[in-house]
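Presented below are the structures under discussion, each in the form of structure tokens.
Each of the two complexes below includes subunit A, the first together with subunit B, the second together with subunit C.
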Partner chain A sequence: MQAYLAAVWAVVWKDLKIEGRTRQSISVMVMFSLVTIIMFNFALGTDLDAARGVATGLLWTTILLAAILGLNRSLALDRENQVFDALLIAPMPRTALYLGKVVSVTLFTLLLEAILVVLFTVFFNEPFYQLPVLLVLFLGTIGYIAVGVLITSMTIQARSREVLLPVLLLPASLPLVLPAAQAVAAYVTATGPDDPILASVRSAIFLVLAYDLLMVAVGLLTYHYVVES
Partner chain B sequence: MIRLDGITKQYGLNPVLRGVDLQVKQGEFVTLVGPNGAGKSTLLRIVATLLRPTAGTVAVGGWKLPQQAENVRAHIGLVSHQPLLYRDLTAAENLAFFARAYRLENAQERVAAALQKVGLFARQRDPVGTFSRGMVQRLTIARATLHEPDVLLLDEPYTGLDQEATRLLDNLLLDEAQLGRTILMITHDLGHGLSLADRLVILWRGRIAREVKRAEITPAAVYDLYAEVTTR
Partner chain C sequence: MNQAAVSSPRLDKWIRILNVAAVVAVFATIFVIFFYAPVERTMGNVQRLFYFHVGSAWVGAVAFLVALIGGVLYLRRPSRKYDAMAVAAIEIGLVFLSMAIVGGSVWGKPAWNTWWIWSPRLTLVTVAWLTYAAYFMLRGAIEDEEKRGRYAAVYAIISFAVIILTYISIRIFRDIHPVVFGGTTEAAAGAQEGLQEFAGVESLRMVLSLNVAVIAFTVLGAAWLLVRIRLQYLMDYSNSLKARAASQLGGRPALVSGLGLIVAQMQMPAGMGNPDHFNNYLVLGYVVMSSIALFYVLTLAFRQRNVEKDISLLQQVIDAERSTRRS
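== the complex of A and B ==
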């Protein structure tokens, strides 16, 4: 088990080192998110109610699309110089490669989300900084990146990978995003802990958690076939 | 050390390898030559556990593929014309990463020794992206031999190297051969391939067309033999 975790950590360490040096994934994700927020802020103008109405949806849309950029960049890095071949002939379990990648891209996305929570709180004047919201974002990110790494690994060699990835990933993540967005919206708009809007949150979080477990399991079971085919 | 029996590889309806039988003894240096599309890289990728044959059996060091692939992977090193290195990591970081991937003990010492061996110790803190082609290829050898594999697989390692870099790589490969490693190398340079190897194997249209030991042929005659075999 220790050797397995060391293999996972090796992949994470390598990705963090490269990102720390190049900042290519994070900077692209943050730039994209900033442009999206500013654009929507201008489009919605001074109508604060309208802005609040779309804030949660906009937050998730920004995260989903920015994470696609991060996924593409992070997995393309392993294909440059065919370095992925060297990973495949190393005697490390394929699942450790998969988990390492999920952890590192999740960390990049969580960093982006920390920035987004501050920006959305400022721009939309809604309390996105609450702990339950952060928890839902965290859980949603795990499931999304788990399925994202799997699909990106399938599409990364394709010539039209930039098109293929969102076309496959966004529909596949709908069962995760819908309850996650619902839960975030409920927490942000609730007037207090007894607000009836929070009644549906528990089942929404349960769905997010179930999706996370299912997708991580699917990833662990199928990654081997994806990278060797 | 390497044993291939009846290896066939087909992509769709297109056969790339058609029943290849090849044995490479422990400590032997074999050069595999053939025109583009003959199936050389496919054969090497099968031995490297990166591809599965359509039919036939492969064993490396007594371990069968694909059943015992993880054992095989621990005992092979691959050098390709692509560096298989992260250009944004430094030389030392690249080797440290692969030392972790191979679960090597005394990783720091091994990395330092590997860098010394290929003459890159002084450049260990420089990103690989700043290296010349020759330096990258020397670092590639360091990466591929970091875990002291029994088998070294080389896929056109001389591509893009100048004369000085070629000479340095020759010396490194001969050192590795002296250590008793089994080496299977693909190259387009017949004379060069023969000068390093114990045996030259010509692959033609997915089959082994001819095998010749270095002692049995002169460097000049090898070109005639190659032309004769590949124009049949």
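== the complex of A and C ==
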């Protein structure tokens, strides 16, 4: 177990180190999100109330799209200079490699989300910074990145890789976005802890958790079929 | 790859049997729907769309399950057979699902007074449709045959997980938020216009008719599945011929099982007992559903013919090459 965690950590550390030196994934993701939010602000006009109504959906859409950039970037980087072949030769289980990639991309996305929460609070004047909202964002990200790493590992080897990923990944994210956006919206609009709107949140979070568990399980079980060459 | 692997007499025999059975079953179903099934109390004749609609949706669901099984089997033991099974199942599943969606949409117009509404079930089929349509994008983008099979199998498993989760999530949200997502919105939309939602099967004759339709569609689906599997074998064979020499092969076009549906289209106006003003939706529903089925059957036949042409052409090329080398 110790050795397994060490292997996972090694993969994560490698990605963090690369990111720390180049800062390419994060900066692209943040810039993309920023541009998207501002574009939407213009597209929605000056009516702040109308914009508030769609803010939760917009938050999730931005995260999903920005994470696609991060996934593509992170896995394409491994393909350069035969890094990935070296990772496959390394004496560690394939599942550790998978978990390592999931953790590192999740960390990038969480950092992005921290920035987005501030931006959304500023632009839409809604309390996005609450702890429950952050928790839902955290849980949702895990499941999305878990299935994202699995699918990106396949599309990255295809001819039209950047184009293919959103087509495959976005429909797969739908059962996640549905409850997650619901939960975030409930917390943001709730007037107090006794607000009846919070009644639906528990099953929404349960669904997000179910998504996480199922997708991580599918990833762990099938990842080695994807990377074997 | 030898000739035996491409055209197995057993597969051909089963295709022939199922084709005939499918034509008979579809004819029988059409007869049952229009002459045996009772007129529904609130909706009238347009409710007769129900039988084909449920039949095709059922086959779509089963086909995706078959694809999941094919995917899992392929990962356990890579074999062309399982890959062909998964591709064939997903393709015909998409066709049946499209039929169910379009037919249901035409029924929705008179019943709910809207072609489309984001109700739980419609959300589910939309997600299913998108997910499985993307399956072919993935296949098209991977060149290595062995890798393509593996990736497609993994994706088939992911897709099934997505469908299960979508199903659970809409079920839960349906219970909690009847106003936002709920089933009542469907009925409410229609109720405003003085219409009522279909309450469910209400007599034994309806149950029997529904069973006949489901069985007929299952047979039709099985026939298409096998035809599509054979087409997949032929396509693989044609691809392998491009690289090396091989011998001749057999196989017949898949037109037969489509004939029932052509006639279905022509038969329809005859069966109306007491017409009401929704009958044009009934006709429209059956026309679009049959057209989709017919179009698919024609595509299958064309693809099979083209592949066979390719194969014979390649064979000539290979033979010519060989004889020139000999002389």
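Convention: the second predicted complex is superposed on the first by the 228 of 229 C-alpha atoms of A that agree within 3 Å, B and C clash if a C-alpha of one lies under 4 Å from a C-alpha of the other, contacts with A are read in each partner's own complex, and residues count from 1 in each chain.
In this text, a residue touches a chain if its C-beta (ideal position, glycine included) is under 8 Å from a C-beta of that chain, and two chains touch if they have at least 3 such contacts.
These numbers come from a predicted model, not from an experiment.
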Give one of first, second, both or neither to describe whether A:Met92 is in contact with subunit B, with subunit C, with both, or with none. first
Is A:Ala3 in contact with subunit B, with subunit C, with both, or with neither (first, second, both, neither)? first
Report for A:Asn81: first if it touches subunit B alone, second if subunit C alone, otherwise both or neither. first
Could you tell me if A:Leu207 is touching subunit B, subunit C, both of them or neither one (first, second, both, neither)? second
Subunit A contact check, subunit B vs subunit C, more residues touched by chain C
Have a look at where A:Arg21 lands relative to subunit B and subunit C in the superposition and call it first, second, both or neither. first
Doubly contacted subunit A residues - partners subunit C and subunit B: 228
Interface with subunit A, subunit B side, in the complex: residues 48-50, 52, 70-71, 73-74, 76, 78, 80, 82-89, 93, 97-98, 100-103, 127, 143
Which residues of subunit A touch subunit C in their complex? 147, 150-151, 154-155, 157-161, 164, 167-168, 171-172, 174-176, 178-179, 182, 199-200, 203, 206-207, 210-211, 214-215, 218, 222, 225-226, 228-229
Which stretch or stretches of subunit C touch subunit A in the complex? 75, 127, 130-131, 134, 137-138, 141-143, 147, 150-151, 153-155, 157-159, 161-162, 164-166, 168-170, 172-173, 176-177
Per the touch rule, the subunit A residues reaching subunit B in their complex are 3, 6-7, 9-10, 13-14, 17-18, 21-22, 77, 80-83, 85-92, 228
